[in-house]
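Should a chain be cited, it is by its letter among A, B and C, assigned in written order, with residues numbered from 1 in that chain.
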Amino acid sequence: MESRKAGAFDVKMLAVIGVVVAATVGFTSGYLIGVAKQPETMSIVDDYGRTVKLSGVAERIVSVSPTPTEILFAIGAGSQVVGVDDYSDYPAEANNLTKVGSFTLNEEIIISLNPDLIVCSDLVPRAKLDKLAIEQGIPYFIFATRTMEDVYKDIRLAGGLTGHTTEADQLVTQLQNRVNALTNKTLATGVSKPRVYIEYYPLWTYGPGSFGDDLIRLAGGTNVAANASSEYPELTAEFVIAQDPDIIVYTVGPMTTTTETEIAGRQGWSGMSAVVDDKIYSMDDNLLSRYGPRIVDGLEQLAEMVHPELFS
Amino acid sequence: MRLELKDLSFSFAEKLVLKGVSMDVADGEFLGLMGPNGSGKTTLLRCITNFLPGWDGKILVDGKPMVSYTPRSLAKVFAEVPQISSTDFPFTAYDIVMMGRIPHIGSRLEGETRKDMEIVRTSMKRTNTLQFAERHFSELSGGERQRVIIARALAQQPKVLLLDEPTVYLDISGQFEMMDLIRGLNKEERITTVTVLHDINMAARYCDRIALLNEGRLEAIGTPEEVLTQENIQSIYGLDVSVRKDPFTHSVYVMPRSARAPPKRHGARVHVLCGGGTGGPLMRALVENGYSVSTGVLNVLDSDYENATDLRVPVVAEAPFSQIGPESHGENLRMIDDSQVVIVLPFPVGPGNLKNLEAARYAVERGKRVYVFRADREVAYDFVGGRAESFISALTSSGAMEVRSLAQVLTEISRLGGAASA
Amino acid sequence: MLILGGLALLLFLSAFVAILVGTLGPIGPGEPERITFSEAIDSIFSDSTYHWVFWNVRIPRVLLAGLVGAALACSGTAMQAIFRNSMADPFVIGVSSGAALGAAIAGFLGLTSIAGIGLGMPPLFAFITAILAAFTVYVLGSVKGRVYVDTLLLSGVAVAAFLGALVSFSIYLARQQFHQLIFWLLGSLALARWSYVEILLVVVAIGAAVVYLYGRDLDALLLGEETAHNLGANPEPLKKLMLGVSALMAAAAVAFTGVIGFVGLITPHMTRLVMGANHRLLVPAATLSGAIFLIWADTLARTIVTPDELPVGIITALCGGPFFLYLLRRHSMGRES
């Protein structure tokens, strides 16, 4: 037994159809505001394969990640940087620039700085950058660094973007020399490869494919997490104990509470070689996570910890 | 608005709840729907409103099949008043009553019209609830809320009013108030009314006809006299009752009879003639001492009647404000026949219960052990111009024993011991 | 009626003021530049320097805040009526966890860009998964086409729990985009765009209109399904319609801004305390109030820690705590009397 459907349900169907149509149209249509652009004379491909076009050398750069900031200043392009993110604290001059936010970028400040280029690492959420690119015509350039080779490449790219190619090349050469001097010792035949465990947060370490993993290798060690499942894995305590690292390095940042005593005191860790030999060291976190020139500083420190006998 | 049910059946979870119910409700009739718990009364109402679809059979509203009505038009025909209504939400009484206009308000785009507001006001006046209009429904008492719901039902301008035990949560004055209101609406506005009721006597008093349901079947339908018979109530409710006519309202009146034969305890069967509360302590003492006790004739409103029923002492009852009639007197004598001992208490004697003293004389004539409590000189008990006094004297002189205290009579009876089982 | 007019006026004023609030001023910290009031008005109406800030950052954001607040409040009102429970909110049938899963999947697949296809993948994914989740809850909560409200509630809890686990897992897999997802889970209006505003405007207009038109029926439904039936309000189609419209509004809102909690719960509740339970007044009042509430909450969110911003969901959650305490007090005072 059916009751007659009242006319209101036709309204309902119409409403549903209307909303679905509107949603479909909206979701699949583009929305662009055209902005008059200067003729583009320069085009550089970034680390994500995106072709970024500029009308010339970038004079007003906003850097929203600490690594590109450090690189730009290191090649002498600091005066071309007009704004940085909250975490770009090195060098000191960078710290004094206008801050544009961190996880959420403040479009208003960025716009008010009138930039012609935004640079970022590949960890930054790109939705806002896309918005600025599409609607205001401000391009953004992604630096994605995973290895030392990437660092050299990025320094050169930065040189190209800012017109400081000479300084960039010089810096690269310097860094390469330092690294080679180091690896001549650490990667020489017959040199031992102690097992190294780096911890940037309790039980979180650098896995295969990460920069940290590469640094351990260059410093002449073996990463206990070399065969872990991902780039930045969380290990189990049993695994670390089983691997029995010779050297433990923990990084220190603003939120770190780990100490040497705490590590040595962990359940079951007392028998570990690193603990027994008292080879637990700390390092400034930034030296291992800012993939600019300072990474070589970090590498040198690490090498000294791993092979004290090679560097006196 | 006529309502016709033909062969209505309904199953719930493979259990047949209504079995082929057929009945007609005449226009303007006040029909009571009764039956034990689980007999299908509420289900029947829900099928009529189509809240439970999936029934078999035919339901005709005003000659047209109920299924041909849209939900809205059905809501213009039927208005239902459930047992209890409550909400946590801050609806005012006015809001609640205005909801009764929902089936009448034309399109969704329209608001309430002046006419709707008028009808709401009138309904609330009729049910004496207008003063609650701005108050929150949840703050009102049970009776007030029920009246508001009835106002809502009125505002629906229904042709048929359906009520599901509307008085169940009301105190006694509220119950009568409610039923008077409903019957008033039924007679004055000529709204066909079908109400589920539990209270047999109330139904007898208010309903034009009563339909008795049992286990989903319609067992009987007709006027209260026709339907509320001792046999029907015994077979449907399993309750032994005596059916009388209420002398004031002339409606049928049902009183539960004492259920079981008194269990024989040790020896003596004692019948107590009392009234006005005189018998309470004695009956209690007798029961506690293991005697089988019966009593009568007692008026249903008498406190000793209550005492007897409390103690599960079988009692011969009489209707309130009635004299002891020949039936009860006869029963009383039969009880005495079954007893070995009869005790007469100093109960107030009036023309209505003088027969109890005759029963005492009967007991003496039959050779029962009769004990008579002498009345306290100060307390007036004879309201029949000295005849009670002379009865009592006659009793004692013809063999009844005078006793002065509870303890004394108990001792006397216990002495009878084994010899008393005659 | 007066109250509704007052609310509409308040909404307009709030929007106007909110547009003038921002990092660059005129109302606000004003770093690095302070725009003056006249410059601001100028920028809005002509093509001057900060035209883009107002037309592409502030105005769409404030409008989106209003629309999302309206959508959530209206959806919440309908939900509270369907479930006959003033503690129900728009997400009770799994829309929030469904949307979160969609966003997490988009993040996991690396589809975080909004370039190219109109609104971008994350909102599209989130919308679709939100609707799917709500539909699943609906199916689980119905037997033979009849919606059972208490079963619906339980199935909502179950589905939300399950999806929540999936979301946590995908967060684990896509750790690198972790903070992005967190922002999404806490609710943020940072990515407001005109296309979002346009879509949500249509959704809210239709949705709110439907809920309003069925306002009387919702009143009846609140007294119980049998009462609703007997008043001609036909509960089954009504429940389905309201669930559908409600889910649609909530899903659209959540797809664009992430999960902004408490608006859909608090707004109808508080509005009801002032306006009473009559839905023909309640629905428009709650919808307008929700818009006003979220506009202010978002204004606070984007100025309180300049140049950063707080996810607006944090602001609304902070309001939630005192609100529940207040409810608790009222409830226990009611008990004493």
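Rule of thumb we're sticking to: a contact is a pair of C-beta atoms (placed from the backbone, for glycine too) under 8 Å apart; a residue touches a chain by one contact, two chains touch by 3 or more.
This structure is a prediction, so every number in the text was calculated from the model and none was measured.
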item	value
Chain pair with the greatest number of C-beta contact pairs	A-C
Greatest separation from chain C - chain, by CA centre	B
Intercentroid distance (Cα basis), chain C paired with chain A, Å	34
Mean-CA-position distance for chain C and chain B (Å)	56
Distance between the centres, which are taken as Cα means, of chain B and chain A, whole angstrom	86
Chain A, residues touching no fewer than two other chains	3, 6, 8
Touching two or more other chains - residue numbers and ranges from chain C	213-214, 234
Contacts with two or more other chains, residues of chain B listed in rising order	50, 71-72, 108
Chain C residues within the chain B interface of the complex	86, 213-214, 216-217, 219-220, 222-224, 226-227, 229-234, 272-273, 276-278, 280
In the complex, chain C residues that touch chain A	22-24, 31-33, 50, 52-53, 56-58, 112-120, 122-124, 127, 175-177, 179-180, 183, 188, 190-191, 193-195, 198-199, 202-203, 206-207, 209-210, 213-214, 234, 237, 241, 244-245, 248, 252, 306-309
Chain A - residues contacting chain C, complex	3, 5-6, 8-9, 11-12, 15-16, 18-19, 22-23, 26-31, 33, 86, 98-104, 106-109, 111-113, 123, 125-128, 130-131, 133-136, 232
Chain B to chain C touching residues, read off their complex	46, 49-51, 71-76, 78-80, 82, 85, 87-92, 95-96, 99-100, 102-103, 105, 108-109, 111, 156
